[in-house]
Amino acid sequence: MPLPLFILFSALTLGFAVAVIANRNPVTAALCLVVSFVGLAALFIGLSAFFIGIVQILVYAGAVMVLFLFIIMLMDIEEEERKHFDRLRTAGGIAVGIGVAFLIGGVLWDFDYGKASLDDVPVQFEAAITLREADADSGIVRSANATAALREGRLKDVALVGEKLFNDYNLHLQMIAVLILIATIGVVTLGKKDSPAPDSGSSGGDKASES
Amino acid sequence: MSPALLLLLPLLSVVVIFFGTKWSGTLSALVSVASVAGSLGVTLALFSTDSSMVAMNWIALGDVLQVDIGLRWDRLARGMMFVVTLVGTLVHVFSLAYMREDEAKARYFGCLSLFMFSMTGIVLADNLVMMFIFWELVGVSSYLLIGHWFTKASAADAAKKAFITNRIGDFGFLIGILMLFGLTGTVSFTGLENWLAGGHAGASAGLLTAAALCLFCGAVGKSAQAPLHVWLPDAMEGPTPVSALIHAATMVAAGVFMLVRVGFLIEASETAGLVIAWVGGFTALLAALMATQQDDIKKILAYSTLSQLGYMVMVVGLGSGEAAMFHLYTHAFFKALLFLGAGAIIYACHHEQNIWKMGGLKTRMPITFAAFGIGTLALIAFPFTSGFFSKEAILDIALHENKLLFLIAAGVAFLTAFYMSRLLVVTFLGAPRSEHAGHAKEVSVIMFVPLLILAFLSVVAGYKPVAELLQAQLPDVHWNWFVFFVSLATMLAGAGLGFLRYLDKRSEPKVIPVLANKFYFDEAYGWAVRNLQDGLAWVVRGLDALFIDGLAVGGITRLTEGVGCLFRRVITGNLQAYSYLFGVGVFVLIYFTVFLR
Amino acid sequence: MIIRRSALVILMCLEIMLSAANLALVAFSRFRLEAGLPDYDGQMLVFFVITVAAAEVAVGLAIVVALFRSRRTIDVTTLTSMSH
Amino acid sequence: MPAYILELIVVGLGLILLLLESFLPRLGAKGLAAIGSVGLLVVLFLLPSVTGAPSESTGIIWKFYSADSLALFYKGLALITTILVLMMSVVYVPVMQRYLGTGGGVGEYLILPVFTCAGLMWMASANDLTSIFVSLEVVTIGFYIMVAYMRRNVGSLEAGVKYLILGAVSTGFLVYGIAFLFGVTGQTNLDVISTVLGLLEGQDKIILFSFALLLVAFGFKVAAVPFQMWVPDVYQGAPTPTAAFLSVGSKAAGFIVLSRIVDAFLGDHGVQTGDGSYQDQIQRVLLVVAGATILFGSLAAIPQTNFKRLMAYSSISHAGFILLALACAYPVRMDMASGEVVAFYLAAYLPMTMAAFFVLCIVRSSRGEEEISVLDGLGKRSPFLAFVLLVSVMGLAGIPLTVGFLGKLYVFQAALDQGHFVLLAIATLGAAAGFYYYFKVVRSMYWNAPSDQDAIAVGTGSRVLLALLAAAIIFLGLNQGIILGFLR
């Protein structure tokens, strides 16, 4: 990713993240969050994680944000009142944030990868193709499609991710299924209403299983 | 068959009673009696074996601390076990009748079994830690039994008093154990003996003396030696069979037993021995004096127990564990006999305990009278009863070791004869002095059979072949005419004086307030405790305010709530405060981990 | 999170935190080539994190809704019914 | 049978329960709990017969899943805990219904623990950063819901919000920590990471940083200072069975993962005893955190009047003891490996805590509050309950002849062996403070006059279970070999 683009998207991400916190109106905050996440998705794509970038937009900007906005509308939440706003508290929060940021900076200063640039570690197509062919010969499932794409110098990200996900991370996929089931059960019960009136909270459950 | 069975039987009974047969008093009683009779049988069957066994390894921490649950089955344990199980069996049987109408019979017998379990544990323990645990269990079961009629305020108070007084002694015991462990690195009796034999004692004689005295503190509490004797007379609030079993024959003897078990330590330290001997002698004299002026039949016997325990402790201090155990063994029979006899009298007189409201029971309860008389004779060391032999041994040793203590012992013998004849005369002779005494009838078979068995033993137990057979410890003393005459003279003088003075009297001829009020021990303690408590409460409150509220809790609360004092105004323990603290925690943790090295 | 009082906005902030971690993971997986390709192990984790975060938000929102129903507010500074 | 089948059975059981709940409503809470418990019991009996990884690794699954003896041991703990929680929930149902309104939903409360149990079992086996994250989240999400479950009870919801938000923050740190660990090693498998870390040089800072982040996350899970502030509130607000589940299940799972991670950091490559190696630093941090946790938990428990808050602080202080055992792990000089000390302590902690919470549940369902004062005169009102609570409290305080004593003893021994005398003093102080605040419970039961005289009814099932727990506390205290036998 060219440097100007990188700077643009990072600024977008960071700036709107700060805006989420600074904004008093929850609807505005939610919308800022969407923009921030779009910037983040762009950064992902810049790091050649195309699939993750798309998922980020789909899940967050699509599902989660709609859910947020839906709940905000449902509860008819107005702006936080100004009267409790306290400078000391804000200062304290910012101080902790900056402190932790300094610590992280201090750590990264000594970190080798912190100084590398993407060009130092190009994707090594030849090596990858050789290895994949060897794997395929020894019986491990390798997507021929993806290998072909690699030959053309393209990173067929979705195929590679899918390969990994369904080959290696089968167990985790099952766990995630259980997790979503738990979340669905929970959201349905927590959202139940006393009267037989239609329950509004259960929409959360549907969203959870969607993601 | 292994000695472990002795522990299992009563434990089984406890479990069965508390988890199974609690609803039925009679069934529980039968379970309990069966278990104790079984224990007696096992003891007899194991008389010819001699073994020490390790049942299991309880705590094993490298080479630092080894505690085994081990059992020791030597002659000392066998003799003691025989006394415990035999008296236990007879008391159980006697209780069947005595507690027939009690509502909480199941609890009573459950607690008796618990007591038998703990007592067995003390006798069989092969190390101090195990002994201490059972020692505490004995304290607990004794507490439960004294407080059996807990709805009666005096009984509940007596139970509490016994418990607390014993804790004071046990504290010393625990410190003693820790000191010994620190000194020698072992808590097992064998290990301690080996350590002493290894000749390490010289370097740390002072510490050894202190440790021995600390252990003695435990015995002072459990065997009710002065100045911790105050609980035993009060403990007579419990049912009379309980008094017979644990406050006369077995539990209070546990202190003496423990001292004999660690006798090798006392022998190693002259000072400790001397202190122990004097405490014993002093207790014997004090208790005998107090006994002369009591009106409650059980209290008289309680003080007499104190005084006899004083004898035993004294002679342990003088270096003869055998004589102490021999006296313990004879004393167990005749004192249990006297207590059960007193129980029979009390039962017959509808729970009247004041001897001045009895009288003339000789004709109404002839069998009880005979048995009680034999017990009295044994206690006052009438020649050729069992008590005579053991007291003879004690006097003989005292004569050789310490003339002053011999004089005290002789004086106590005189006093014993005096107060026992007083008891006998006032209770059984003369005319009935109350309606209950007038209507008294002889007790049932189930009650007087144990009396007769004990009476028989009180007479014959002292003879050498019998004692050998029953695995008692026999002191190595020779016939000494001087001791014999002193003993005879004091006995006759005391008994004669008692008879002359109390025959046909209707009330105490001359009250000596100091003795009747037990030297004002209770009052003094009450005063001291009250004042001390107030003072202590004041100090504790101060400390509490300073440390707990001020520094510890207050400080921590302050720390939690306001690492940022800045935010105290806004943050009041809500979620934001928590997330703030979380953030600070992360900061501190990362800083500490990564940068502070 | 320390500053904001609305439970909803706090949930949004949590999403930002998780995203930051995701970014780090993706970056590491790109810089850490495995067999010549980006290390997809890291990306797998990102994928799971996104899923989990969505589920977490769903549950969180359900709790917030229930809270709103019983309290008529979602201001977290009012959550102090339990004291030391 | 490979070990991972167990979790599948548990999940299947949960699904069956879910179906039964919706299609056979007649079954009721008792029926569901009974079926669930029996099912879990079957799994428990299958546990010894499962096999670990085959010698030549054929399945990819063994890269992410380990079935060593420690994992199986913790799986057993998770199963037992869940069974007890189910039983407890049955007793708690009346209280629950009061706060659920007419909408119902008690059934799901009995099913969620089963799924969560599967999560706990996965956690026990997780030896890969991704598995750790996912299984941890399965458990955590289950707990979010179970904490907030009483949707008409403000306390429960409040606890839910607090737990959820702070929990999510800790998850954030977990992911961040994982990211950095992954960044520095390029691996996600803990065994491989352990090897790689041994080869790295000059990366101490980043290694320590990732460790600190992971410690934040797991410190939160096991309630270590300074991430303990949620514990009292959440325990107090959550339904009692959930609080019990949290304090045993969640804690045990947190500790097994933490001990695996600490193992990976300090691992096979031995400790360079020289000052300044990152291993030394990690040990120091753990020691400090352990000391602070013991101190905080013990001292803050003293003024508590609410029984669940008291248990919360006591659970913090126990967490401190376990952390201390973990910190004393290296270099190993004891007869027992430190992992075993941790496991032993947790196994000891299980029956004691469960018994205490169980008694509270029963008392609670007959009385509406949870202050210590509801226990007043319990000795008279229900001698059985009072006795069980006495045993459990004695165990928690670490009185000899109970299993709690042995647990503490091993920890002390470990600290002594390593020569951490300051920590030893702190631990002694903590244990002494423990005597004091646990005594409050005993005093309330046996000394205070009861505020009402009615006897408390205890069902037969609960009675048997409680008797078993009390027996376990004493019996395991007499015979340490049993737990150790399961461990090896």
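We call the chains A, B, C and D, going by the order they appear; numbering starts again at 1 in every chain.
As a convention for this text, a residue touches a chain if its C-beta (ideal position, glycine included) is under 8 Å from a C-beta of that chain, and two chains touch if they have at least 3 such contacts.
Everything numeric in this text was worked out from a predicted model, so none of it was measured.
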Where chain C and chain D overlap in contact partners, by chain label: A, B
Chain nearest the overall C-alpha centroid of the shown protein atoms: D
Chain pair showing more contacts of the two, A-C and B-D: A-C
Euclidean distance of C-alpha centroids - chain A vs chain C, Å: 10
Between chain D and chain B, distance of the C-alpha-averaged centres to the nearest whole Å: 44
Gap in Å, rounded to a whole number, between the CA centres of chain C and chain B: 67
Separation of mean Cα positions, chain D and chain A [Å, integer]: 31
Multi-partner residues of chain D (each touching 2 or more other chains): 130, 134, 137, 141, 144-145, 148, 151-152, 161-162, 165, 169, 183, 205, 209, 303
Residues of chain C touching at least two other chains: 1-2, 5, 11, 22, 27-29, 31, 41, 44, 48, 52, 55-56, 59, 63-64, 66, 69, 76-77, 79, 84
Multi-chain contact residues (two or more partners), chain B: 557, 575-576, 579-580, 583-584, 586, 590, 594
Of all residues in chain D, those that touch chain A in their complex: 4, 8, 11, 18, 60-61, 63-65, 100-105, 108-109, 111-112, 115-116, 118-119, 122, 130-131, 134-135, 137-138, 141-142, 144-145, 148-149, 151-152, 183-184, 203, 205-206, 209
Residues of chain A defined as touching chain C within the complex: 17, 20-21, 26, 29-30, 33, 36-37, 40, 43-44, 47-49, 51-52, 55-56, 59-60, 63-64, 67-68, 71-72, 74-75, 77, 80, 84, 89-90, 92-94, 96, 113, 116, 118, 121, 123-129, 131-132, 155, 160-161, 164-165, 168-169, 172, 176, 179-180, 183, 186-187, 190-191, 193, 200-201, 204-205, 207-208, 211
Chain A contact footprint on chain B (complex, rising order): 564, 566-567, 569-571, 576, 580, 583-584, 586-587, 590-591, 594-595
Chain B-facing residues of chain D, complex: 161-162, 165-166, 169-170, 173, 205, 208-209, 211-213, 215-216, 219, 225-227, 229-230, 276, 281-282, 285, 288-289, 295-296, 299-300, 302-303, 334-335, 400-401, 406, 409-410, 413, 416-417, 467, 478-480
Interface residues, chain B side, partner chain D - complex: 19, 56, 58-62, 64, 69, 133, 548, 552-553, 556-557, 560, 575, 577-579, 581-582, 584-586, 588-590, 592-594, 597
